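A, B and C are the chain letters, set down in written order, and residue numbers restart from 1 in every chain.
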Amino acid sequence: MQPLANITPLKPAGAIEVRNVGQIFKTTTQDVVALEDVSLDVKPGRFVVLVGPSGCGKSTLLMMMAGLRQQTSGTITISGAPIPEPDPNRVGVVFQEASLFPWLTAEENVEFPLALRGVTKNDRRARAQDALKLVGLDGFGKRHPHELSGGMKQRVSIARGLVQDPPVLLMDEPFAALDEQTRMTMGDELLRIWAATGKTVVFVTHSLTEAVYLADEVIVMSPRPGRIVDHLQVSLPRPRTYEMLSGDAFGSLRDRIWRHIRKSA
Amino acid sequence: MQSGLVVKAARIAIVVALFAIWEILSRTGIVNPRLLPSASDTLSTLGELLQRASVRKDLAVTATEVVTAFALAVPVGALIGFLIAENRYFAEVAKPLLFFAFSIPKSIFLPMFILVFGVGFSQKVGFGFFSTIFIVIMSTTTAVESVKVEHLTVARSYGATPVQTAFRVYLPSMLPVLLEALRISMIFNVTGVILAEMYASRDGIGHQIATWGENFQMKQLLAGVVMIAAIAIAFNELVRWVETRCSHWRT
Amino acid sequence: MSAATLRRLIVIGLIVLWEILPRAGFIPELFLPSLSSTLAAGWNEAGEYGHALAVTLYEVAISMAFACGGGILLGAIVGSLPRPRILIMPMVSSLYAVPLVILYPVFTVWLGIGSESKIAFASIYGFLPTMLATAAGIQTIDPQLLLAARSMGATLSQRLVRVIIPAAIPTVLSGLRVGGALVIVGVVVSEMLISSAGIGYLISRYRTILDSPHVFAGVLLVLAMAIAFNAAIKWIERKAAIWQTGTRAGQDSAGEVAPTALQPAT
């Protein structure tokens, strides 16, 4: 008989399955329902964006996909297996700007997850170099975060998320702290990296324009309790261009999201 | 609200427990009661001391010195602090010097005050003033700098006069910081005066505590320590209470 | 004239005045002996001052180990656990209002007038502010850094060694600076009050015989010690400047103690 461990998962690498997930936060005075009956399927290699007003639980959902938080009910599987704790081989996470370690250089930051696993120094350096090259930061490895611009810091964060080559990349408002111009540039950069690597990306944002511009699919959520209210397919052709921003197709998608959000606000 | 009460109760319990441990250590003889008289003995000694005319006189002397030093140091220090905060050139010249003066230990200059003033009221007030003035200057500078430029711009754009700006922008912005500054300055001031009394003096409560220590009168000594600590903590809590009352200004 | 030039001129002017005013008789030598006579007094008794310095430094070193070690350790524990922090921190900062110098006579009764009572007093003197500074600093570690480390699969001990400790370094340094300065003050003050050795003792002994130059030589020596200590900490801080960005800026822990309060009192 074949040992269980050798059975390949039914779902291919990079698939995310969220089934009837609920999350209740217990405080001393009352229980807050953060998420209620959320179900979602993300196929491998798709770029999915979660949008919604503050308190709709989109970041909470992302944290649960990353294994950083456990749901109160329901199941979440990544590449066919549940994720009871963070697993950087399956899921890379990119946070807001502040999450680079200020005392490490760019390349040491990228090597960090490998160092945790005891990968040898030479091996680490080589893989960090590859990841930095991928995000367009060749030659900046020796700098500390405070010597890098906001956009460059986020490139380092993305490199750190990708250095172990996980099939899934989760991004929690990664460009929220950037100015508008840098934000647009970083969006294009992210799409380029995504196209080059074929990762499944789940991306949380407040910006409707960013959501439609980046996504294959947009999931719209509403608060109290957090649930999915709409699931849009964005059929705009790729590569995306700035001209599309003023087109009718783009505008009607954005309007549709905005109507949901205005209703729930 | 309820958890606030629980925290208060827990704090009181900690204090009571400390006194209880003190009492038990001494009563059971685990610690020599001559070196550590029990808490109850100490507290009854404290009550008795407060009846004594000489102790009351010492307290009055110390209080007069503390108040005089404070009344001199605060206006002078505040004025210098204002000048520094309002004049950029002056600030650039003076700040590093002040930081330096602030960071060096003041107590080693105590002998100088005795050499100049002799032993007495002016020496103790002088040293109290000296211990306090630097912190007053520093805190005033911080307080003035805590006034937001945006608020001043808004006031100016609506045509506020200098007096209006002073009372409607500067004062409310600075009040919480100033209260904090007064509280901390007072801590420095009291420490300075009591140290001066302990070092060389003929009266004052600091002198009395030092004398009890030299004569191994542990009951009186501990009672004095408890008394000073209680007064200091009570003053501190009073000012902090006022601080929290106007803390909604703080952002 | 640039501010730095003027500042230098002021400092030089003060030093020159220190020499000239007493010499010219504008200030009695008893109040302020001239710089040269102070230095000469110190030089002539170099052996005595050297011995006193050794005693004082020994007491400072031991007290610093107690005050800073204990303060940083306890501050880190209290600062990182929310319940004890809410319970204890306001109590500790009330305690800070007490002029601790009144405890010194108690220590002399218990431990005698040798080094033990100085070490006990200076340790307690330096302990509270170190603990407060450390506890306040630990709270400012950015929770995003810990979350990021966890997302990369860092275990608890890896988070402690690779995130919490490096992020806490600036805090520990500021604790060390405050605590160390207070320990020096505590040792010298207690030597001045009652003792039989150390620089503080020399200052007091020469004061009672109104020998101002020798008093000032002692004062200068303590000043040099305090300045040297400050410079050493500053040097380490500069070396570790990169760490300074590891905490969220402007996080003033309300209801606790302002940074100014953590400076040496007297």
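Quick note on the criterion: contacts are C-beta pairs under 8 Å (C-beta built on N, C-alpha and C of every residue); 3 or more make two chains touch, one makes a residue touch a chain.
Values in this document were obtained by computation on a predicted structure and should not be read as measured data.
Of all chains displayed, C has the C-alpha centre closest to the centre of the whole protein C-alpha set.
Taking the mean of C-alpha positions as each chain's centre, the chain lying farthest from the centre of subunit A is B.
Each chain gets one centre point, the mean of its Cα atoms, and the points for subunit A and subunit C are 48 Å apart. Subunit A and subunit B have CA centres that are 53 Å apart. Centroid to centroid, with C-alpha atoms defining each point, subunit B and subunit C lie 19 Å apart. Chain contact summary for the complex, subunit B toward subunit C: residues 7, 10-11, 14, 35, 89, 92-94, 96-97, 102-112, 114-116, 131, 135, 138-139, 142, 180-181, 183-184, 187-188, 190-192, 194-195, 198-199, 206, 209-210, 212-214, 216, 218, 221-222, 224-225, 228-229, 232-233, 235-237, 244, 247, 250.
Considering their complex, residues 3-4, 6-7, 10-11, 30-32, 86-87, 90-91, 94-106, 108-110, 181, 184-185, 188-189, 192-194, 200, 203-204, 207, 210, 212, 215-216, 218-219, 222-223, 226-227, 230, 254-255, 258, 260-261, 263-266 of subunit C touch subunit B. Residue ranges on subunit C touching subunit A, taken from their complex, read 142, 144-145, 147-155, 158, 162-163, 166-167, 169, 242-243, 245-246, 248. The touching residues of subunit A, counted against subunit C in their complex, run 66-68, 85-88, 91, 93, 95-96, 98-99, 101-103, 112-113, 115-117, 144-146, 160.
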